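Letters A, B, C and D mark the chains as written, and numbering starts fresh at 1 in each.
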């Protein structure tokens, strides 16, 4: 039988897979990015056991990704960082996605309780 | 060679395919629906030649779709109506997605210019 | 610091979020379901630490979901069951998604090593 | 009222929006690409009025996109070309997505009938 900590980590992983594969590909520019960040956070926070999702689409990365002749780009993992917290049966799991050598790494930061 | 009207209709179709297949599956409840509507509209309006996207996730359909024990549902086509306007080389195409016999139908309403 | 078992469970969760939110919404019928099952399995097995993904779109549920006048449906979570195995630093995690009271539940079945 | 040709072009556009926004983001490598191509073609061919979808994920572009230390990449529009044919009320529309200056352009090639 898995422990509550293991189940909490599994639940946190589900949220990251959801964030990444539901929303990457979304047409985004500087104006629409803040609203998209909030919509993604609220979507993920709807999922079971998620107490907080904090997502940042970085302006400077967006700048680099947007071809001025096109005027927008598609949301991709490397454009954003994310922190997601899950609570399950008294266990709190804090997880993070951030760029590491150009690749968006998803990691468990700590497990408490 | 396709006419400008035909190209405008093709462009409008792309927007509907995008709306539907990018966003259905998103976890949604009554609180997050308005922000998601805006984020979807802004995403679609980023795409070429789209001058307006208006999307409504209907409260009553959301009510029916949300199991109270779960507290949220996944966005599906039948939960929403959408109107998308495309302008291409002086041609304006107005399109709509709405429920017809329980199935979300996408239609060209009119082509002008 | 998270344990190897906790990280393995996190990784398994990512795969389920990916499966669900990448592929639900895909137009599917009885003929295309087997190829889609394989494509989904191979996609998930590409992800880090995933040693096996086994996905079944159930014929009888597909029957119920397909309106004969439409001839196909969109892939939804309740139409399929899935088993995903992750190995991380000597820990093997077996996970499963299956219908429970009409809702596709994702669970950690066991953690070994 | 839109003409049959305009409706046919609208329908073709829907298929391209579907292809792009349903499947980009899918984890893919050289081994899984052929099965994914077929699964995408069959999915799109399930949609109304689509008589043929032909999709190629290019090996050389996949080579460039795959970091050997990662071993796979995510499917993106620039990795693939696609041809989609729609027939509606006797009108045949042939459409294509291909790279143009590094950007995947979707175009109506011809409208007949």
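One rule holds in what follows: a residue touches a chain if its C-beta (ideal position, glycine included) is under 8 Å from a C-beta of that chain, and two chains touch if they have at least 3 such contacts.
A quick map from chain label to UniProt name: A, B, C, D = Dihydroneopterin aldolase.
All of these numbers come straight from a predicted model, not from anything done at the bench.
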item	value
Chains touching both chain C and chain D, listed by label	A, B
Chain separated most widely from chain D, comparing mean CA positions	A
Same or different residue numbers at the chain A/chain C copy interface, by half rule	same
Chain pair with more C-beta contacts, B-C versus B-D	B-D
Inter-centroid spacing, chain C versus chain B (mean Cα positions, whole Å)	28
Length of the line joining the C-alpha centres of chain B and chain D, rounded to whole Å	20
Chain C residues counted as touching two or more neighbouring chains	18, 20-22, 25
Residues of chain A that touch chain B when the two form their complex	18, 22-23, 25-29, 31-32, 35-36, 38-40, 42-47, 71-72
Sites on chain D touched by chain B in the complex	1-3, 5-7, 9-22, 93, 95, 106, 108-111
Complex contact set, residues of chain A against chain D	20-21, 24-25, 67, 70, 74, 77, 103
